[in-house]
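For reference, the structures are reproduced in the following blocks.
Next come two complexes built around chain A: one with chain B, the other with chain C.
Showing the complex of A and B:
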């Protein structure tokens, strides 16, 4: 039963996920290429001093990738459910409704986490190849909010698509946009070093809105 | 008086009691009540906007009514258990299914949820279509998609089939195929069917019972044979073409084209004659006109 539900979600998002994977890999290759060129052209200590002095985020190409992925997977996963009220087909299945909603969200979140994990692992390897350990630590605290921003954007796409009322949909889009923008507010590195846990809690709390929209859909509130 | 024994008690699969629903301040229906007997084919008929799909949405738990009770297999339809949902096959208006799946994928998908799944029922229907197993639903015609949706419902082997406007977008051949399969299925398996359609003529020899909805109210609930046997159309000519006959106890509806008048009534020819005479209406050539279910439906609900 679970594998059937996963198959359905995968069929909806497999092409967009493949496309996003290509974009992620291209961004990582470009980051590697840029760093490698810098270290070939200048002395390593000069590059490192420049990076520290000007707070250079050498992995900035990754900044909006998780967000793009969250939006892409969310739209491809939930638009077919919204279109012609196909969500009714899912909710008519002989499975408890909240479990169906959780499973749909879980499939998208796992795919998104895999894409973020690829980014995190490869950018860590690139960092380890060229830069000292301290850069690795700051890279983690800088990129984790971006990944959380992508996950939050995914959740809000789901919330907006499942919500049956157009008025509430517009309102939720504005609220979602505001919340997601908090994850990308800062520039430079280490900007969220002291608030990363607050950011994580914000992501989790905002995700619970899914159940409100699912409840509204079920009640037929227009 | 008949004594009720467990053998002759017919249980109701669906019980709707005093259902009232509004969209915002717009009343859709008020105090709607009807039951669907186990093993019967029940038609919900009405013009567009009378609340057919709303009723089906409430019945499937996709809409919470403002008031009233809706029970399916004895459970509140708004919180059906998974076991009860497995006993209900649901065709969404327009034969909506997962168009991104192909014939094989969609069969495998649904088979995982239903313990009584009958794969052969689905593939038997698919073999009649000129499609391959790997053809996506999005690449099929509306008629072919309707057969996929029907095949999935038959394979599910539900005890109750709820079909919301199955005829939408289908040509005469596919509509006939749909009805033929449903008739065979309902008879052989003693299943209950709850159906709506805007093409009434398809349902004439199919339905056992029907309810006819008007805007905000119920016009009639009775077996189709009784409806066709008791509801009559009388035609006659009048000398004064400005005569109008308002609906009432005897005349349920009337139409006038120049000096020719048709009246629709549950009353006998004698009662109608008496009614016309009591009103002082000068008429000639009163005669009974045979009606199909569609004629009777239009006669009762009016053309507009």
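Showing the complex of A and C:
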């Protein structure tokens, strides 16, 4: 039954995921060509010193991609549930409520992780091709919060859509917006260097709220 | 479900403690007032520019206001170009003949901000040719790192220049350097009059001076005590060539590293905390003014060029907490959490602990919630979490309670 449920989730999000994949690939290609053209236009040492001095985030096109993907997949996955009250039927299937919620969230999270993984692998290759490894290290600590922000945005979309009460839905949207914004503060390299674990914990704690919304939904707590 | 509910409550408290005070202080931002401290060789006294958003006020140490022109003539070293243009530059001060070139050479300005001290740049640096015979410095085609050895990465090919790496690594090893480097300080910019390379701290805390002279490594152990626990070195590269750099230690001592065998000249500073305060050193032909700028005030010391303290001054003004907005905030916000602060370049959880005043609002919030619980006859066991939360986090806890307001105690 679980595999059938995963298929159901996949059918809802496959087109949006395909669209997002195209956007991710396009952003990565643009990043590659921008960097490549910089090295064609200026001496390599001039480019590198500019990058170091002004902390040029040459992969800034990726900044809000995971967020966009989290929102996109989340909305396409949960809006139909809300609109057509499908979730009520799903939650009454002879499968544990926790398992149902986990498989629903896992489908979106796995797709989102795959998109982030594509970003991470390709931007790593681009970095390794043009720049010394210090840039690679800083790129990792700079981009991880963006990916986590995307996952957290997905989780909050799920929380808000599943929540049965409109009052709570609006208030939770505000809370979610605040939480997600914490992943995109500041600019430059490595600014989350000393807080990356804190925001990872924040993403995990956000995840646990899904169960409360699902619990409220099943019992119709308003 | 209790754990999920607690998680949600905690998240609401977290967001409330970050964003509500942030919005509050954005709405209650004070007008920015600044004081720049100088020492007049004419008055033999401090003189200040006190500025707000409207105007600059020129005030001397006795509180007398001056016009801009008077102020400029009282600080002839700082304003020598303007005074020369207007033909009012004195020929001599205290019997010493004034030569424009000397004035220019001796004017120094060093600023060390807490964020710069905490900032760790990408640990990849260009090594300039210090004796190229050219007027301008030229950017090297490679960048170095000092990890298990000193490595030069050729920027065009992104590969290691083995020969150069070996030469410089050997030079460091011969001087007794212990890899990897703990910290590297320098000015990786061609926009400086000359190059003094880098000051590198090794694993044992020893400080090395490293530069490239005619393509060869210049590497010298400075003899600076390794137990000084250095927080920051600001390489100054000033034409005066009196000191290589300004050094700040973790214990808030400040030294100039002298050109004379890297000797340390202690800079007199008062109540300086490098994690919070900005250190400003303004120097001219006669004096050095060392100012510690704090959030709500400053203190300044003036020394002569032999480093002897001549006078000091300080000023304190009411902080934000003393304003009406600050007093209200001290009652309303039990604590605040900020993710950014001026003195750090990094995102973090910067916590401001609760004050006694906040207890009042916390107690009122708790009483309101107890009234609510009683009114709707909610069993005590269902409200313990909310009560504890409101008691600990006052207004934020009350907001979290009003958002969630869910007393179903599903035991799962």
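We take it that the second predicted complex is superposed on the first by the 222 of 222 C-alpha atoms of A that agree within 3 Å, B and C clash if a C-alpha of one lies under 4 Å from a C-alpha of the other, contacts with A are read in each partner's own complex, and residues count from 1 in each chain.
Basically, a contact is a pair of C-beta atoms (placed from the backbone, for glycine too) under 8 Å apart; a residue touches a chain by one contact, two chains touch by 3 or more.
All values reported here derive from a predicted model rather than from experimental measurement.
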Exercise for the section: Evaluate whether chain B and chain C can sit on chain A together after superposition, giving fit or clash. Expected result: fit
Exercise for the section: In the overlay, answer first, second, both or neither for which of chain B and chain C A:130 touches. Expected result: second
Exercise for the section: Measure off the angle at the C-alpha centre of chain A toward the C-alpha centres of chain B and chain C in the combined model, and quote it in steps of 10°. Expected result: 140
Practice task
For A:179, decide between first (touching chain B), second (touching chain C), both and neither.
Solution key: second
Practice task
Would you check which partner chain A:106 touches, where first means chain B only, second means chain C only, and both and neither mean what they say?
Solution key: neither
Exercise for the section: Examine A:206 and indicate which partner it touches, taking first as chain B and second as chain C; both and neither are also allowed. Expected result: second
Practice task
Pick one for A:80: touches chain B only (first), chain C only (second), both, or neither.
Solution key: first
Handout entry: Chain touching more of chain A, residue-wise (chain B, chain C)
Key = C
Exercise for the section: Look at A:53 in the shared chain and tell me whether it touches chain B only, chain C only, both, or neither; answer first, second, both or neither. Expected result: second
Practice task
For A:7, decide between first (touching chain B), second (touching chain C), both and neither.
Solution key: first
Exercise for the section: Mind working out whether A:92 is in touch with chain B, chain C, both or neither, as first, second, both or neither? Expected result: first
Handout entry: Shortest CA-CA distance in Å separating chain B from chain C in the superposed model
Key = 10
Problem - Touching both chain B and chain C, residues of chain A - result: 219
Fill in the blank from the handout: Within their complex, chain B touches chain A through residues 23, 57, 60-64, 82-83, 85-86, 88, 90, 92, 94, 96-101, 105, 108-114
Practice task
Spell out the part of chain A that touches chain B in their complex, as residue ranges.
Solution key: 1, 3-4, 7-8, 11-12, 80, 84-86, 88-89, 91-96, 217-220, 222
Problem - Of all residues in chain C, those that touch chain A in their complex - result: 1, 3-5, 7-8, 10-12, 14-15, 18-19, 120-124, 126, 139-143, 145, 153, 155-156, 158, 188-189, 339-340, 345-349, 403-404, 406, 408, 410
Practice task
Would you tell me which residues of chain A are touching chain C in their complex?
Solution key: 43-49, 52-53, 129-132, 134-135, 138, 168, 171-172, 175, 178-179, 182, 185-186, 188-195, 198, 202, 205-206, 208-212, 215-216, 219, 221
